[in-house]
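Some structures are shown below for you to check.
Here come two complexes built around subunit A, the first alongside subunit B, the second alongside subunit C.
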Partner chain A sequence: MQITVKLFASFQTGRFQCDVRSYPESTLVSHILQELAIPESEVGIILLNMIHAKSDQSLAEGDILAIFPLVGGG
Partner chain B sequence: MDKILRINMGAAGGPQQSIEKAGEFAALGGRATTSTIVGKEVPPDCHPLGAENKLVFAPGMLSGSAAAISGRISVGCKSPLTGGIKESNAGGQAAQVLARLGYAAIIIEGQPQGDDLYKIHINKDQVTISVDNSLKLLDNYPLIDKLKQEYGDKVAYISIGSAGERMFAAASIACTDPELRPTRHCGRGGVGAVMGSKRIKAIILDDQGCENRQPKDADKFKAANRAFVEGIRKHPVAGEGLPAYGTNVLTNVLNEAGGYPTRNFKTGQFEDATSISGETQAALEIERGGSATHGCHRGCVIQCSGIYHDKQGKYLTKQPEYETVWSHGGHCGISDLDAIATLDYWDDNIGLDTIEMGVAVGVAMEGGLLEFGDSEGAIRLVRDEVGKGTPLGRILGNGAAFTGKAFAVERVPVVKNQALPAYDPRTVQGIGVTYATSTQGADHTAGYAVATNILKVGGDVDPLKPEGQIELSRNLQIATTAIDSTGLCLFIAFPILDQPETFQAMLDLLGSFYGIEMTGDDVVALGQKVLSLERDFNKKAGFGPEDDRLPRFFSSEPLPPHNISFQVPDEELDQLYNWD
Partner chain C sequence: MDSFLKTLQKKARENLISWSDQQLIAQEFQLTLAEAEEEILQAGFLPTRYQRNQQMISTRQQLHLFQSRVAVIGCGGLGGYILEELARLGIGQIIAIDPDVFEESNLNRQLLSTMSSLGRPKVEVAKQRLNDINPAIRVTAMATAFTKDTGQSLLASADLVVDAVDSIATRLELAAVCNHMKIPLIHGAIAGWFGQVATIAPGEETLQRLYANWHHGKGVESQLGNPSFTPAVAASLQVAEVCKLLLKQGTPVSRKMLTINLLTMQFDEIPLP
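Moving on to the complex of A and B:
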């Protein structure tokens, strides 16, 4: 299945900003974190189709996954 | 900080100054001081630009000491924008210098006859109030350049640009940064107009010969400060994200969450968000020889700001904040960072609140004055209309609500007449509660529920549902009011919300400075007390429950792409101040 993966802030360094990637059925968010060598402890926000998600959530065809480190501002 | 300087600008024969003992204000600071003085001394039904209003400056409880990141200055008055009480605070050097000079507050009252323009110079020996009509209608950058020739670069400047002199409701008060750029503004609520109404162009603060304020318990203070700094540095938001990308790191976050108000709050996503994001901005700043990391005052350990150069590599402005990039960017459909930075420069120069100004321009676009996305047109409006005080500039310079009326716009994003910041309350419902109920009008900093709703700092409350938002906003509004009194930058909230030991270090910092035991309950009590007196002022100024509401369209128009509306019931909004 095709998943659009978006990375932000320091997670872009040495990786990418946005990439449409192929994954097998029943892939979890955590599998993508592992693949990209992003430690879960560094993850601040996961947005799956614009809604906050946990790393044990499974993905479906066409999903948009945005991964941020812990960030803030205002 | 054992004294208060009172200046009566309306005294017969010219401005008169007097020094009072600080009394109860010796151990207070910031918002607690300014709001208490305004609450006691300003008639709530007075005209905000008249002689009865007062303009109060106060450094924070820890300003002028060795406490890290303690450089916020608070300004209070009755707001010409909201008609209620106003507290607006800024960084820059002013708070530290004013505190070292020993002043718990400066109270400016009355109004001079005639059209002379004054400046106030304060050093350790005396206060000099003098007429200087050569400063008339100078904007902030040329004004500071001129004042530097007279007072040098070892001082801090507080000033208004032409917007303040013209008494626009969007006028700010500028404070200089460590390099004497007038870039740190008490932006909200038209405090610059009140300074203009007193005919004061600039305050020059010179602390040469003064020492840092000393803590009562030096050993405990030193240890607490060390733990406090460690806590800030080890937290990913304060220690990594903010210094690397600045506040504008939020553009992508809010956009991906569908909460980025676009083209005057029509949608929650902007298709060009990436091109104006903090990541893009930081890379551009570095590439052009500016800097993505800069502190607004000495002693800042977060350094969330930066220096933005133009295409030729020449200084253009400080790093535009997230709210500014949004108000002049996504809110107006503008995706050109150079245009946004140019608007940031003109806002700082003319002396304007970037949120109010950007939102007003977007509302004018909705009203047909310009097309959304017209960046050249937006610059022209701010620089050539607002900056020159033309009739159109006077409409825009009086803010979003005024502009909305002038152009018959129905969708006007204001609460208590003050423009909403960069988070749509339909998809960040907690911040909607803060916008609706804050004593200040729509103000994200008053109770930053975005942290818990979106950023997942300090807990996790679903941003798309009404449940839990009242309690969240209430607790944050109370805590923020207390932090606004300490002089500490609000961005310490990220580490202290997440790290109990850093919260304790902050309590120890305050406690050891004043020689008392400070607990979390004391912080809550201080916050509640100040909020109650602010609310009391507003009630006497004519505000009721119907003013603690968002504009109707947030309930009636679902926001794409989530397609939901603001769902917190009115009866719950009325329970926010449940201790009062």
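Moving on to the complex of A and C:
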């Protein structure tokens, strides 16, 4: 299935901004985080089709996944 | 008050009252500088320092800003710029809260850090700076950490709170206290080339959503650091939100987050309903 993955802020560094990628059926958000070597501890928010999602959610054909890092400096 | 008005009319140049006249007026009518500034605005005259504000901020609105009380939590990277801009905007009462002293590693980005301020409490330096900008501003400097226990007394009577802290744990406590006290919170956070800003009305749980996956520790700023320009950008956006909220103008970044990427110059609005 085709998933559009959008990365924000520091997650783009060494990866990409937006990419349409192929994954097997029943892929979870956490599988994509692992594939992209994004530690879950660094993840702030995950939006699946613009709605808040958790890393154990499964994906469906055509989904748009956006991943933001935790930003906390002041 | 007739003589007060007559004095203003005599001294005003195109409705503007100079600083030296504001001082003379305060002396003549036995007012503090803050009281004199408020009375001048109340009478429809404008202190000359606000001359360049007046195309976008009316004298009545300038009075409203002067009568407003804004608390800034954190006087470091974001906080230094926020305090500077609030003072120049004309906020009349500013509460500055920070438990720390300035260190050498602050010099790359924190506006209030200078060679002469190293080792001094950040809030003390902030108070001196704001007094240098406008002695009529009433500054409350609290060299203490914000916690959910101290929060209520620290924020008492604040109209708005600006988040300039450097800890996610403290931010979540700040959001809870503001929500409980029904005070709007202007959130800002930075890391390297990146930042985020959100305006949170009482009852909204934007920060709890933003940091829902957080368990402990810092965000990516611990790996990315912070340069000189990112705090200035995020802080300026936060102060624009303060101005809009107090003057009830424009559209705030409400129920969403503005995410800032200065490496690609991308600004994205992320809905957080």
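What we mean here is this: the second predicted complex is superposed on the first by the 70 of 74 C-alpha atoms of A that agree within 3 Å, B and C clash if a C-alpha of one lies under 4 Å from a C-alpha of the other, contacts with A are read in each partner's own complex, and residues count from 1 in each chain.
Simple rule for what comes next: a residue touches a chain if its C-beta (ideal position, glycine included) is under 8 Å from a C-beta of that chain, and two chains touch if they have at least 3 such contacts.
These figures come from a predicted structure and were not determined experimentally.
Of the two partner chains placed by the overlay, subunit B and subunit C both lie in contact with A:Met50. In the superposed pair of complexes, A:Gly14 makes contact with neither subunit B nor subunit C. Of the two partner chains placed by superposition, only subunit C is touched by A:Glu40; subunit B is not. Look at A:Pro24: by the touch rule set out above, it reaches neither subunit B nor subunit C.
Subunit A uses residues 8-10, 12, 17, 42, 44-45, 47, 50, 52, 66, 68-74 to touch subunit B in one structure and subunit C in the other. Remark: subunit A residues 6, 8-10, 12, 17, 42, 44-45, 47, 50-52, 66, 68-74 touch subunit B in the complex. Contact residues of subunit A toward subunit C in the complex are 8-10, 12, 17, 40-47, 50, 52, 55, 66, 68-74. Note for the complex: subunit C touches subunit A at residues 74, 76-79, 163-168, 171, 188-196, 209-215, 217-221, 223-224, 226, 231, 259, 261, 263-264, 268, 270-272. On the side of subunit B, the complex with subunit A involves touching residues 235-238, 240-242, 244-250, 252-253, 256-258, 274, 278-279, 304, 321-323, 444-445, 448, 450-451, 454-457, 460, 462-464, 490-491, 494, 561-562.
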